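We call the chains A, B, C and D, going by the order they appear; numbering starts again at 1 in every chain.
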Amino acid sequence: MTELTLVQAVNRGLQEAMRQDPDVLILGEDVGVNGGVFRATEGLQKEFGPGRVIDTPLSETGIVGTAIGMALYGLKPVAEIQFLDFIYPAFDQIVSELAKFRYRSGGQFPCHVVVRAPYGGGIKGGLYHSQSTEAYFAHTAGLKVAIPSTPADAKGLLLTAVHDEDPVIFLEPKRIYRAVTGEVPDGDHRVPFGKARLVREGSDVSIFAYGAMVPTATDAAATLALEGISAEIIDLRTLVPLDERAVIASVEKTGRAVIVHEAARFCGFGGELAAILAEKAFYSLKAPIARVTGYDTPFPYSLEHVYLPNTDRVAQAARTTVRAG
Amino acid sequence: MTELTLVQAVNRGLQEAMRQDPDVLILGEDVGVNGGVFRATEGLQKEFGPGRVIDTPLSETGIVGTAIGMALYGLKPVAEIQFLDFIYPAFDQIVSELAKFRYRSGGQFPCHVVVRAPYGGGIKGGLYHSQSTEAYFAHTAGLKVAIPSTPADAKGLLLTAVHDEDPVIFLEPKRIYRAVTGEVPDGDHRVPFGKARLVREGSDVSIFAYGAMVPTATDAAATLALEGISAEIIDLRTLVPLDERAVIASVEKTGRAVIVHEAARFCGFGGELAAILAEKAFYSLKAPIARVTGYDTPFPYSLEHVYLPNTDRVAQAARTTVRAG
Amino acid sequence: MTEAAHAARSHETSRSPSAEFPKGRRLEAYRWMVLARVMDERCLSLQRQGRIGFYAPLSGQEAAQVGAAFAMQPEDWIFPAYREVAVALVRGVPLRSVFDQLVGNASDRSKGRQMPNHFAFSEIRFVSASSPIGTQITQAVGASMAIQRRKDRIATIAFFGDGATSSNDFHAGLNFAGVFRTPTIFFCQNNQWAISLPRERQTRSATLAEKAAAYGFPGVVVDGNDVAAVYRTVREARERALAGDGPTLIEAQVYRFGPHSTSDDPRRYREDSQVQAARQRDPIALLKATLVQDRVLDEAADSKIWEEARAEVAEALAGAEKEPLPDVASVFEDVFAALTPRLEEQRDEALGMHGGHRP
Amino acid sequence: MTEAAHAARSHETSRSPSAEFPKGRRLEAYRWMVLARVMDERCLSLQRQGRIGFYAPLSGQEAAQVGAAFAMQPEDWIFPAYREVAVALVRGVPLRSVFDQLVGNASDRSKGRQMPNHFAFSEIRFVSASSPIGTQITQAVGASMAIQRRKDRIATIAFFGDGATSSNDFHAGLNFAGVFRTPTIFFCQNNQWAISLPRERQTRSATLAEKAAAYGFPGVVVDGNDVAAVYRTVREARERALAGDGPTLIEAQVYRFGPHSTSDDPRRYREDSQVQAARQRDPIALLKATLVQDRVLDEAADSKIWEEARAEVAEALAGAEKEPLPDVASVFEDVFAALTPRLEEQRDEALGMHGGHRP
């Protein structure tokens, strides 16, 4: 066990994977000499050489396209996109190619690439260094989507991602890259995909969150506890595959659901969760399902604190939900 | 009034808009000399010249990027993407630029482009000539999304789109481009955005659909009627802005909802509709909300009839919903 | 060759004698070219009869494809677009497998998941084709980087058209290839058309080959109707690649004789006289003339080649058409390596609706 | 100039005498360059003090920006990247407006919505900047196509860096510009770095300018430290554009003296000695030397220029910092031309939480 920040845990996860398997390599902008603009790949080029930690030209199309070619050949590339906001030049490669290679070839050409990207707001990044667009990827059949919220999960989910057989979009909540430290197991620590994490047990309302919204939801639960409201917090960890069973079981217990994410509400991931509950936990629901999310606007700069869900908004939604029925 | 197919109505809509306003122009691949691969722009280059109906090189990045520049300058470009499946090379321009220009400039640079694309399955197009990814665009703040299901709406929504002040993603259900004809008003026919169309009144269950799923849902309603189930069919027409009021009012009346779309289910548009209902029509709901959609797989070729929602699946879901409560 | 083509040729690396087309294999090349042509004609009519859903013919591009395929080695990786049927055949894919794909039956290696022409044959390292234009180009470069890392003694070749030179992936792919000096052959079949857009309006450079200079490596124009010239050019590029001298862009100048695909009506955008003029340099006729001149072929033998090709096509088609559709459950396979609970649930729903057996 | 630069220069169009930099405006240019430098230094320290959130300095690129800005006309459209502060100033944006943007206050023309440096000033046709690299390039070409359609007698200029030459939009934009022969000036400030990636590893072509050949139009290398040379080169390109001769790619060779941005630590990837060497050709010092030699400037006058610049910056900053934040309700404006019912509902929710008044 070592006490690490989330971004350090990412770094250790990459290091561990590269030590385990010579086929693992990293490519992206500024990942080598510079160690990544968030230092996620710090020290790795020194340890593994420029052939395994590759500084690429400024082209996300090129980064993901070449990573796909490497994966087809049998390597295990981990592509870094500097900010999730800059993934769109590679969107065609991701949704048309990476997600569909195994399927369209009838299993002849599996294509396992991990695409890592820091995402989310709260760092005064304005429109283009703040966005949360996990829903695009979750909607795309063939992609897995993992989002850690603790240092231990960052390492454990990343190692699982690197050794998975399918493409993984790995989103790192940059707002909490350095916000807290946590104990992280040394060596080959893996956290399975498709298993949500029960952050806090509760009986009155289930709060579902992921990424940087997990600490926000947890803080809200503490506030609510003082008021006698017992909130259960569930960290989804992977959006695809989703731990539907855990989601449904929690609401069957509490009868109430509050869904929290930073992304815009309309057609966001919260819609899917609500739909699953409205179909499969319908008879357990005692109150309307609430969503606490970013608003349906682009991401603002000066007023990002207005845009982003905070403890107050989460707590308020939980209160309303509990009072409703 | 003229009897037209849906694709003819698109053609007349474009012609009408270009006659109305010399700033309206069209650009895209094969739209000029060839009249578009679906003939949507047939005859327009002849009438308006190659300066207003522009055959571009094979680059969606270039098509949308230049359309944005034209719009900033004051023109009203209508960009054609040959198939929605090929829009991803332009995704960065659409989600990072087109959707955000007005916002990020504080209203100084509004940017009105219509991006037209045929979409959807049922034409044996396989993975790349069949997809329905409206959810990507609906989730992107700043974009309007319109989807006609009749010839009259095709022309009427398109004219509204061209004269709107905001960017519009205009998706045309190619499966029904020529399936039926309908009466289309001549001249300046406009259908407002944000107003759903009540296709058929009913009292037992509300079925929400758009595009090529509207006729499927309507056929299902006819079957259901024989069994004594009265289904209300609502054609959403525009996903953004969404006619929430109509959606909620219908479920307040029927107490049951079935949502139909071709797109993959997970994080699809149906999730948003279900979430809205689970929040705002919760107390009216008598039964779980059902979704009849494409499956969470890429779009298959030989078995597309398995993938696509059909009358049976819609009717079955409605029956189950009505029996449930 | 055009003047521009001559100019671009000056980029070319010195002639390698070992790169000459082996004379003894010319008849073999001719057979493949004829087979491809026969397939094309048959498939166009099959589509009209509704027996296959779509087809993109390669007529006019046989020499380019067969020449390139001959020049590559079995271990090399092929990144095709959607017209490279002849390449797949030369590398050993049974015609029957091609027809299994075209009809999308249960025996199709891709499980009937793709539109016709979007082949994938892992046994010949022929990577799964997709429709979005150009995407295979960066992928080929990535595979080439993997070759470098593994120190394998092979190369990759990416096939694409004149239209694809405008794509994002052309730019990114060639740029990465230049920077990392990868063993990649960029093989552009400039058939003069991207559906209805003529080559001159695709881009304003005099040749497509000269675009390589923007990425710091050579570009070569070759007469794509001359199978030996194509062979030599690809072979030389492959030698450069294996010698560590990096990538080459090859522009094979050909002409698309047929429609873009069965959905296309070329009379809307081009004069038939232009097609007729191009047909004067039919690659099959050109090769035949040489073979006849060298007394390797006479009319009788030629007729037999065509007949055999027709018989082969008829047999493969008949076999493929007898196969059933893939099983309903197959829709849910290969999304991921293993089915998720959600996909299992959806599979069961579909089986309930459409029948079929749970695997 | 490098050898490669000389080679690329041969592409250049013939010298136009009317394109010479007006001697009488050199001091004016100098003032702007000094103001930009002073701003840079102030903003770097403001960011360290937490008074602005971010800054991307332009030190080393003053001559390139001021020269280009002088060469363009007020009606021309500017498509900037995120370093073009000097361009905005030269075209008449009050320094105060720049600082309103940097602090993101209620007076900011963009309503405090963007990170610092992402300016938009419609009154000077300075189009809203975004972070994604290269996107402005195709947009500039589109505006140029609109200019053609309207038959206006103006041009557009797109600013971008060496890194942006690898972007999708560079390729698409230059290709469209070549095909449609648009009145566009592609102005690449090659400052030798894309964050930590040096120019030589961005692409393998000898110069960036020569990439224009792939699109069928001229590319020119210019010494970006020489304001007069930049002016002349842009001016000539503008004349070509207005004459209907199409686009030009200009590579202004400069060096980024400072960090990429306030988030960057350049010591991680480059030697300070390289920076010191580049600073020997500081564009401000070069211009000053000429002005002193020509007796247009002496040390006393120079000191005054620097002092005035500092005072101007201090005043603008003080004013900007006094302004309040934008109103909470502003978050919901400008998503669309008018608020949708959904946005109204969300606005009311936010006002309930955070206060602020409904407009």
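Please note the rule applied: a contact is a pair of C-beta atoms (placed from the backbone, for glycine too) under 8 Å apart; a residue touches a chain by one contact, two chains touch by 3 or more.
No experiment lies behind these values; they were computed from the predicted model shown.
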item: Per Cα centroids, the chain farthest from subunit D; value: C
item: Pair sharing more residue contacts (C-beta pairs) when A-C is set against A-D; value: A-C
item: Distance from the mean Cα position of subunit B to that of subunit A, given in whole angstrom; value: 30
item: Geometric centre distance via CA averages, subunit C-subunit A, whole Å; value: 39
item: Distance from subunit D to subunit A - Cα centre to Cα centre, in angstrom; value: 35
item: Gap in Å, rounded to a whole number, between the CA centres of subunit D and subunit C; value: 44
item: Shared-contact residues (touching 2 or more other chains) in subunit C; value: 108, 113-114, 118, 130, 132, 166, 168, 171-172, 175, 179, 201-203, 335, 342
item: Where subunit A touches two or more other chains, by residue; value: 57, 59, 61-62, 85, 88-89, 92, 96, 100, 103-104, 127-128, 141-142, 240, 242, 266, 295-298
item: Touching residues on subunit C, where the partner in the complex is subunit B; value: 53-54, 104-105, 108, 112-115, 118, 130-133, 163-164, 166-168, 194-197, 201-203, 263-264, 268-269, 325-326, 328, 330-332, 335, 342-343, 346, 350, 353-354
item: Subunit C-touching residues of subunit B, taken from the complex the two chains share; value: 29-30, 32-35, 37, 55, 57-59, 61-62, 85-86, 88-89, 124-129, 265-266, 295-298, 300-303, 305-307, 312-313, 316
item: Subunit C - residues contacting subunit A, complex; value: 77, 79, 108-111, 113-114, 118, 120-122, 127-128, 130, 132, 135, 137-150, 156, 168-169, 171-173, 175-176, 179, 333-337, 340-342
item: Subunit B - residues contacting subunit D, complex; value: 25, 51-52, 54, 56-57, 59, 61-62, 64-75, 77, 89, 92-93, 96-97, 100-110, 141-142, 144, 164-166, 194, 240-242, 244-245
item: Residues of subunit D touching subunit C in the complex; value: 166, 168, 170-172, 175, 178-179, 181, 201-206, 210-211, 213-217
